[in-house]
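In what follows, chain A forms one complex with chain B and a second complex with chain C.
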Partner chain A sequence: MSGIDSVLVATVPPLGDKQAPPKRKEGGVLSKRRGALVTVIIALLALAWLFPLLWALINSFREYEYTQANGYLSFGGWTTSNYEQAWTQGNFGLHMKNSLLITVPAVVLTLWLSSMVAFVLARFSYRFNLALLGVFLAANLLPPQALLIPVFRMFREIPLPYFMSDSGSMLNSFWALILVNTAFQMGFCTFVLSNYMKTLPYEIYESAELDGASVWRQYWQLTMPLVRPALAALATLQVTWVYNEFFWATVLIQQGDKLPVTSALNNLRGQFFTDTNLVAAGSIIVALPVLVVFFALQKQFVSGLTLGSTKG
Partner chain B sequence: MTHIDEAPQSTEPEKAVAPNQGRAKKLPTRDRATVITMVAIPLVLVLLLVWLPAMLSVVLSFGKWNGFGDLGTIEWVGVQNYKDIFTIYPAFWPAVKHNLIWLTFLFLLPTILGMLLAVVLDREMKGSRLYQTAFYMPVVLSLALIGFIWQLFYSRDQGLINQVFNSEVDWYGDPDINLWAVLVATAWRHTGYIMLIYLAGLKGVDASLREAAAVDGASEVKTFFHVIFPVMRPINMVVIVIVVIESLRAFDLVWVINKGRNGLEVIGALVAQNVIGEATRYGFGSALAVIMMLISSIFITIYLRTVFREERNR
Partner chain C sequence: MLCILVGFCLQEAFVSRTTSTAIPRSTVATMAATRRNVLRGIGLSGLAVGGASLLAACGGDSGPATGSGATVKFGINEAEGSGPAYDRLKAIAAAYGKESDTEVKLNAVDHNTFQESINTYLQGTPDDVFTWFAGFRMAQFAEAGLISDVSDQWPIDGLNDSFKQAATAPDGKQYFVPVSYYPWALFYRKSIFEKNGWAPPESNNDFMELMKDMQGKGITPIAFGDKDGWPAMGTFDILNMRLNGFDYHMSLMAGEEKWDSDEVKGVFETWRTLLPYHQADPLGRTWQEAATSMGKGESGMYLLGTFVVDAIADQADDIDFFTFPELDSAIGADALDAPIDGFCVASAGKNQEAGKAMAKWLGSAAAADAGNAGADAPFIAANEGASTSSYNDLQKKSAEVVGAAANIAQFMDRDTNADFANTVMIPSIQAFLKDPDDIDGVTASIQEQAASIFG
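Take a look at the complex of A and B:
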């Protein structure tokens, strides 16, 4: 699951000039009786939505023998051994490291490259601007399966020196995943960033020019610091998306020890199949990094998704 | 690098419509080189890794190739692959059917539910933030992981559902029902996602409009259809595109469960099966990929047109 999320708002009206919208009045209050009914329904639904994760959390701490003997509707048999077992059996230390080595470079590269394109789109009005944006945005939406065969075959042919990948080719290397993820994610980031940059007052560039600042300095020293909020929000989103990316990792990495966490799940399923409590512990381990990101940076996450969608 | 661009331009008020129009022509060589590099590197990456492969998929779809030999070993067969797909490939039509069910289901349940949740939670309501968090928490999880988590409900021997109802259904294994089991799991993630999009869009609804409607004595339902819904039109467009493309791309969940077989055939998984499965049939797989590409390109076009209309309106 990489790209599609990114379609998100890319079309919704972009940020207006006002950066900090005045506090909006919410959409009115419901009549009391009906309000109470709606609140109850929403609360129940919200509980239902939380339940799967809670259920996984609870059972990840229970002994297999206990739940086998007493059923899952019982209470007791608490243990932490599922986590130890899942961690070693699933080799999560290795896979987490792989995910890290793929996600961080991919996100940095995506943000860097797309901020450059976005800067050019926002700073200059070339005739090809719209077409350029289209090339990146459409790429973001193409089903990855549609490109699989040529990409797969190309990567097999591209040799990499052994210090870059011990597979000797792009296939089975982190480089492949970093580049593919970057190529796919640039569209969304370019779009969001260029819209954000367009809200910066044009005068800053005029005075920068008077000071003799080169285009590169206008980009790196003037624009980039000003778009930091957008970069932070996008970074949060991209980290979760690249971490969650499943398709490319599954098809481009065939060496089990090179798989990132999300795709490694597929192998684990066989090993854990007979023990649901292990599945639960494994799920929580895999979910933990993104949940931490989510709770720590919730604001960034949501604003990243909705960036450009509020009229301000 | 003392004087770069020029003041004179600002003395031409006619150009005020697009203030930066035409600036680039007067960029000094070094800056022009900078601009070209800034665009060229990302562009080359996206052309090489997305657009070139997309075109090669089309070319390959007219050949037969096991992918092991060099390009010379490709046997060109015209539209034979497409013919085979439509006539004798047993998995294709079930896959199309499943993708369509996927699409319909996503629209009818999670999409509409997500929209309703957004409309309700957009109001002043105690704990609205908390509820929102509950609904969109699954959005940060990968679908592969979601397939894993739902195993805790669906497993035949140890799943919660069978324990509660004392049944022995193999929710992921039975080809008659596993698609629905998967769809429910997908809905868990999809609802919050749609809710988030609409919530963002609803921020654009002018509260005074709604108040005016309330003063006029319009019912909740009427207000929704006459005031809120029209404002959401551009968002509806985005949501339609998202849902269609997401249904078309469906892959992760079914691949984790059984690699897209036995009731869970979807087009995306068929392509992968033909490349990394037991038989590598590149031409055949490419033809499937091209079919996906054609369907998605319709919606990509709709999407880009919506985007560009917004761009021009700015």
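Take a look at the complex of A and C:
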């Protein structure tokens, strides 16, 4: 992050400053020429990243018949009907609700549990502290695919009462997805939060202790308000990740009306025939909530993640 | 926290050890465990809510197994609102619910997701009855004990012997009830054939001449696209059936013949001589784009299933087809790919009795009629007694052609091991299309992989 910032700063030309700017040493890390080069490279990379997205966005507003007859390089056939059709045919209302029911509890649970672990790891020195952090990080490195069969079988064996799950087991229930997402996201959150908490001055805790604050109070009333920026940043990230999660939903949910919206995107594909423009429209709809969350909390996101990175 | 973690790890270690055993045995073992756990779950939840009466109200196991007031879960491989295929299945489910006074709970999952997660579906908490395909992929699940024997429901009125054959696993019992099918053939536009004075070829010579004439008029004879990998399987199937016969084709698919044999090489060699008549660079083209080129008249014919009209709906009335002509007079041209769709009963389904009763009804003429009455576009019913009044010309002809065929294959990805079809044949055929001269290399590599899959 900070690398990009300095690049941006370096490429902004000094505006009408009468005083001679401090002369940069020729051949420094970012001379003028290199800065320009970096800008060009970054612009190209940004274009390469954005192109497919913009392409999908453009074609989501075009009729399939038109693009099929004239090719995708043509211009015309504009329509908004893809969006209406995607919303109704994909039954997105229901699936958005499912996604909400999975994402919100999973994110809240992840942040709550990992902040408690991080608090202990950062504030108390037990012998197993480092090992415990290691375990959390190691679990984070495991690819979920490798755990597919164990988790699937484990969930099948865990009984749930019928009022919690129609299937009588963890399979086919939101509980399973909430738990699995929480488990897989906790490693990262614990790591970030514990590092952040370590930057809080120790003296605050000493005085809190002197004033008679219990450990719980130190956690809830002292630490939590102080790590709010980091929590906000993580919440943004987690909402994006859990909402976008596709793999576990397809494996653990076998009932069509319980799928979250990312998996339900497949509803727009036929057995043989796929209207790619319709799928593009559906993808844009599915991506919108993430974009909204991301842009709304962008400020928190950047400041939250960089605050812990420079220890001064 | 720590003890929970340790508990997780232990359980994972235990579970993963059980997964390493062969599928059938572990499946049977875990299925028994599932039933026990359901009972335990009921006990636990009884404690939680303080009474079993409340449970009976919301539990799925209550009520009679069949007949009035029973519940049967019906898993279908079409997403809600995905078109006629969903409408038909929904209408069928509703008709059965009405007729048998059973509550049919529909679970609609889109086709591709359903197919890709079929293994976890059947080993997890499947519905009682679900949509599936005839052929090897049905037989695989039968052997693994994942689907129930429905031989006590056969014979079913109006389903002839060839359908019974398609519903039979290698152990001689039926595990499947067919409902509909569609043929693979060479499709063309009637108006374009008329304008040029062309007629469907009767023999291989006619066929070659027709293609040469098309090329002379600047039309690519055969549209071709294999970006998704599976459409070219249809070409392999039909060439193999025409050159080596149906029986050879089926044993090749079952892994009983060698893929580097002269017979298989002969198929690829014939295919190579036909490639100049196909659209060039098929790997960059989807079947929809290939169909469009036929719809626009840039290509003359297209070897595909009847679903080809989905991509060129505007010309649907102008489309006709003929079966692939004979290549070897000793073999003839009486075999074709006509994949059969239908239903299976899941072994892990909770209501076996109701599932089987429903499966039997699903094969009836009444089921097919209810489905066709409930949708804009009909399917071609497997049951002889079903009404054909809603069929369009293409479907009437399909029913005729398939009825006249002596042997029916199910299409490569249904006739053989799914792993073999998807992970071996798709890349191998694509490699052949990229470099048609390296037939020895392609067949040797297929054989090597087939040996490791079929053992």
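Note that the second predicted complex is superposed on the first by the 244 of 312 C-alpha atoms of A that agree within 3 Å, B and C clash if a C-alpha of one lies under 4 Å from a C-alpha of the other, contacts with A are read in each partner's own complex, and residues count from 1 in each chain.
Just so we're on the same page, contacts are C-beta pairs under 8 Å (C-beta built on N, C-alpha and C of every residue); 3 or more make two chains touch, one makes a residue touch a chain.
These numbers were taken from a predicted model, which means no experiment stands behind them.
Q: Identify the partner contact of A:P144: answer first if only chain B is touched, second if only chain C is, both if each is, neither if none is.
A: Only chain B; A:P144 stays clear of chain C.
Q: So which one touches more of the residues on chain A, chain B or chain C?
A: B
Q: Which holds for A:T88: it touches chain B only (first), chain C only (second), both, or neither?
A: It touches chain C, and chain B stays clear.
Q: Would you check which partner chain A:Y219 touches, where first means chain B only, second means chain C only, and both and neither mean what they say?
A: first
Q: Scan A:Y162 for contacts with chain B and chain C and give back first, second, both or neither.
A: The second partner, chain C, only.
Q: Of the two partner chains, chain B (first) and chain C (second), which one does A:M154 touch, if any: first, second, both, or neither?
A: both
Q: Classify the contacts of A:L200 with the two partner chains as first (chain B alone), second (chain C alone), both, or neither.
A: neither
Q: Please indicate which partner A:L100 is in contact with in the superposed arrangement: first for chain B, second for chain C, both, or neither.
A: Neither partner.
Q: So, A:S263: does it touch chain B (first), chain C (second), both, or neither?
A: Both partners.
Q: A:L130 in the overlay: touching chain B, chain C, both, or neither? Say first, second, both or neither.
A: Once the two structures are laid over each other on A, A:L130 reaches chain B alone.
Q: What residues on chain A does chain C touch that chain B touches too?
A: Looking at chain A, the two contact sets intersect at 68, 117, 132, 135, 147, 149-154, 250-251, 254, 263, 266, 269.
Q: Which positions of chain A touch chain B when the two form their complex?
A: 1, 3-5, 7-14, 21, 24-30, 34-35, 38-39, 42-43, 45-47, 49-50, 52-53, 55-56, 59, 67-68, 71-73, 113-114, 116-117, 119-120, 123-126, 130, 132-139, 141-154, 179-180, 182-184, 186-187, 190-191, 198, 202, 205-206, 209, 212-216, 219, 240, 243-247, 250-251, 254, 262-263, 265-266, 269, 276, 279-280, 282-283, 286-287, 290-291, 293-294, 298, 301-302, 305-306, 309-311
Q: In the complex of these two chains, what residues of chain A are touching chain C?
A: Touching chain C: residues 65, 68-69, 88-91, 117, 128, 132, 135, 147, 149-154, 156-164, 166-169, 171-172, 250-251, 254-257, 259, 263-264, 266-267, 269-274 of chain A.
Q: Using the touch definition up top, name the residues of chain C that touch chain A in the complex.
A: 1-2, 5, 11-12, 15-16, 18-19, 30, 33-34, 37-38, 40-42, 44-45, 48-49, 54-55, 58-60, 75, 77-83, 85, 107-113, 116-117, 120-121, 123-126, 287-289, 292, 296, 305, 307, 310-311, 314
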